[in-house]
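Order as written gives the chain letters A, B, C and D; numbering starts at 1 within each chain.
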Amino acid sequence: MSKYKYLKEQVYEANMEIPKEELAIVTFGNVSGIDRAAGAVAIKPSGIPYHRLRPEDIVVVDLDNVVIEGSMRPSSDTKTHTLLYKSFPSIGGVCHTHSTYAVAWAQAIRPIPNLGTTHADHLTAAIPVTEVMSDEMIEGNYELETGNQILDLFAAQGLSYEEVEMVLVACHGPFTWGKDPAKAIYNSVVLEEIARMAYLTLQINPSAGTIKQSLIDKHYFRKHGKNAYYGQE
Amino acid sequence: MSKYKYLKEQVYEANMEIPKEELAIVTFGNVSGIDRAAGAVAIKPSGIPYHRLRPEDIVVVDLDNVVIEGSMRPSSDTKTHTLLYKSFPSIGGVCHTHSTYAVAWAQAIRPIPNLGTTHADHLTAAIPVTEVMSDEMIEGNYELETGNQILDLFAAQGLSYEEVEMVLVACHGPFTWGKDPAKAIYNSVVLEEIARMAYLTLQINPSAGTIKQSLIDKHYFRKHGKNAYYGQE
Amino acid sequence: MSKYKYLKEQVYEANMEIPKEELAIVTFGNVSGIDRAAGAVAIKPSGIPYHRLRPEDIVVVDLDNVVIEGSMRPSSDTKTHTLLYKSFPSIGGVCHTHSTYAVAWAQAIRPIPNLGTTHADHLTAAIPVTEVMSDEMIEGNYELETGNQILDLFAAQGLSYEEVEMVLVACHGPFTWGKDPAKAIYNSVVLEEIARMAYLTLQINPSAGTIKQSLIDKHYFRKHGKNAYYGQE
Amino acid sequence: MSKYKYLKEQVYEANMEIPKEELAIVTFGNVSGIDRAAGAVAIKPSGIPYHRLRPEDIVVVDLDNVVIEGSMRPSSDTKTHTLLYKSFPSIGGVCHTHSTYAVAWAQAIRPIPNLGTTHADHLTAAIPVTEVMSDEMIEGNYELETGNQILDLFAAQGLSYEEVEMVLVACHGPFTWGKDPAKAIYNSVVLEEIARMAYLTLQINPSAGTIKQSLIDKHYFRKHGKNAYYGQE
């Protein structure tokens, strides 16, 4: 039996949320999870439709993107996932989808402003969007550079990956992460809804703007940090 | 057996309408109900996804927000619910969701004008939106102040809570109420549809305005008051 | 056994398409059918949710709106239905819904222009919208006057009810009809889709206009009249 | 047993994807497939709703549109399909739908610009839209001329039918094709999603434009051609 059986099942379950939550059509999304002790990342195989995916199809790679278990080719986005794992030491899962509203903001190359408490419940900042990648980066090690583009953005804006667990890659779409694969896909669900609400809000009132800092802080810290009182923990 | 069993089941059923009617993703909504004789309010526990919720998980609090039955923490919005029960003596249920179109109007900080008979079948007024809360209110007893914000709005605009069973809290989302938990969630379903219709109407014709008073009155009083002739009662 | 059993079952089936096709939430729509020989109209009872509706609940009225079979109150829109049956001698079914996009156009008080072949497959004209009703009509015999408003519109614009089987009542919503209840609800499904397509088209290109007459005629007469060649009949 | 049994089953399965993927209401779409050796095209019968369609109902015609198997009339769009098979020698399936967002762009008579990687994963060009057909073409052999309109567009713009497997017919809707019926309907699913994303993108940022060539090429050639590395083949 595979020593990665539990991880592969977790990653399988998280991938199956993509079609269930309507976050991508056909094959346009993938979730991974990491076993930090083993240095092993389990990820969806490339190009397999969700309705044909089985737990045993999940591919395991090391942090250098070498397949260590599985007969299929891993997701073409694997290098982006592994770079995020290497750079964000406390995360356990990464998710990439082409969910419709998040993609629309990414294609519009616009950050999603914090327009209400649904957003503030999850992060205080606007949901950031990367710069358009240079030709050199695109024509080079593209999927690795996609990860670098995210890292550069977080560095330039002074964002914490532990607070901001989501990003839009310009002209492409969203990446999200979290403590485990389930949290990564949860963040993709939340991002898509925030993206849709923000779209509609600005259609109704084009001058709607970022809500006040006290309201952002109230909602964010109701759910996060030592004084949180939302939920059961 | 719990003396609140019937109430808890009613509240459970009403909460399960939230995902069924697609009024909120993940955990973003809650319904409560009150036993006026016992001074007991049954409400969803905080942060529990609907697919894991069971009738016995519903928490019972008194009107001072003290848990009198249940092992879980009640909804973080409990103080808003109990204030509404104390202030609106004839209501039996309260519902709060983050339904997409209602949130968009709330984030746009715009009341929803009465643009047609679907709206007028339920209320004569525009669906009101509160002021943005002051920093003092946000940083103080936030959930209680959310209720006060609603009460202040109804007082300032001379609205009747028995006619207007729905409100938008600015930058946040909708609250609705009614004679029992089922009516409270019914009003959230109706509000979301009115919000969506109003959005589309103003996209098609930005100068569409409030319909004439005679049409509002005709539809409202067809369904409400002693001369009502809609339905079977 | 009821002599209207067959008609009531047809009308029941057509009403159950309303929630299935998502043409209205809760109770906001009704379909009727007529037995011309008996002068009997079968219609949904007022205010009953679709999931509780049973074939035996369908109410039968005569053309003067007097109940001749059934223990429930008929739809509050019954007088509109019976006036249409009296005025449009070849129709066998009538449908009224509050479907979202059709209502948006009705609330915008804008006819839906013929922007493409999906529309032209069903009618050559724009989908017309009535005038806003006068206070006298609203405060008088409202549901009858709603029918009169439709008749006045068809007379004023020289429209044939056999070609144009759908109309928007200003500030209210759509009515459709056809040779039987199934065709009436079919027309409501088609109208909602045409309304949605027209909305999106004008958002993409605000100067999109009515398509050329030759294309309208080609598509309409491919499906209608003696030279039709669409379908199996 | 029919010598076209396998082809008819493939075509049946592909047609049943239309309602499952919500690409058309009622009967507004059809898929065909070709057996090149036999010169036989299997296609949906005209006007039959998907829920009543059976594999044995699929009609087989030759490339001159003469029925060679089946008791029903073939789709009214058959001549468009057969012309595409005759002109595009490597394709095995053709699909036509009235999917909502693709129709909206067709009615707007606007090509869909390449705004992101979801688009570039499938084709490098904008999704083209034909000219409005002349009265002569419409009043003549309309369905054949619809095909000619597509061919003229591809010739005029120098497009390859092997790269661009989708087109919008002005004022009408989309046609897609591919190596087999399953790929043809797959392309209709993808086109509808691209059309929806492009619509939303331009609503958020009306000045969003075609992405840079290097990004288009990266994504297109990741999935196509001899250096492709997406998927399992």
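We adopt the following convention: a residue touches a chain if its C-beta (ideal position, glycine included) is under 8 Å from a C-beta of that chain, and two chains touch if they have at least 3 such contacts.
Note that the structure is a prediction, hence the values are computed from the model and not measured.
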Notebook entry, point to check: Which neighbours do subunit B and subunit D have in common?
Noted result: A, C
Notebook entry, point to check: If you walk from chain to touching chain, how few steps can bring you from subunit A to subunit C?
Noted result: 2
Check: Over half shared or under half: which fits the residue numbers at the contact of copies subunit A and subunit B, same or different?
Finding: different
Next item on the list: Find the chain most remote from subunit A, comparing centres computed as mean CA coordinates.
Entry: C
Next item on the list: Quick one: superpose subunit C on subunit D by CA and send over the rotation angle as a multiple of 5°.
Entry: 90
Checklist line | For subunit B paired with subunit C, centre-to-centre distance based on mean C-alpha positions, whole Å | finding: 33
Check: Multi-chain contacts in subunit B: which residues touch at least two other chains?
Finding: 203
Margin query: On the basis of the stated criterion, which chains touch which? Give every pair.
Written below: A-B, A-D, B-C, C-D
Item checked: Contact footprint of subunit B on subunit C as seen in their complex -> 25-26, 28, 45-48, 72-73, 76, 98, 100-101, 103-110, 132-133, 135, 138-139, 142, 171-173, 199, 202-203
Check: Which bits of subunit C are touching subunit D when the two form their complex?
Finding: 115-118, 121, 186, 189-190, 193, 196-198, 200-201, 203-205, 208, 211-212, 214-215, 218, 222, 229-232
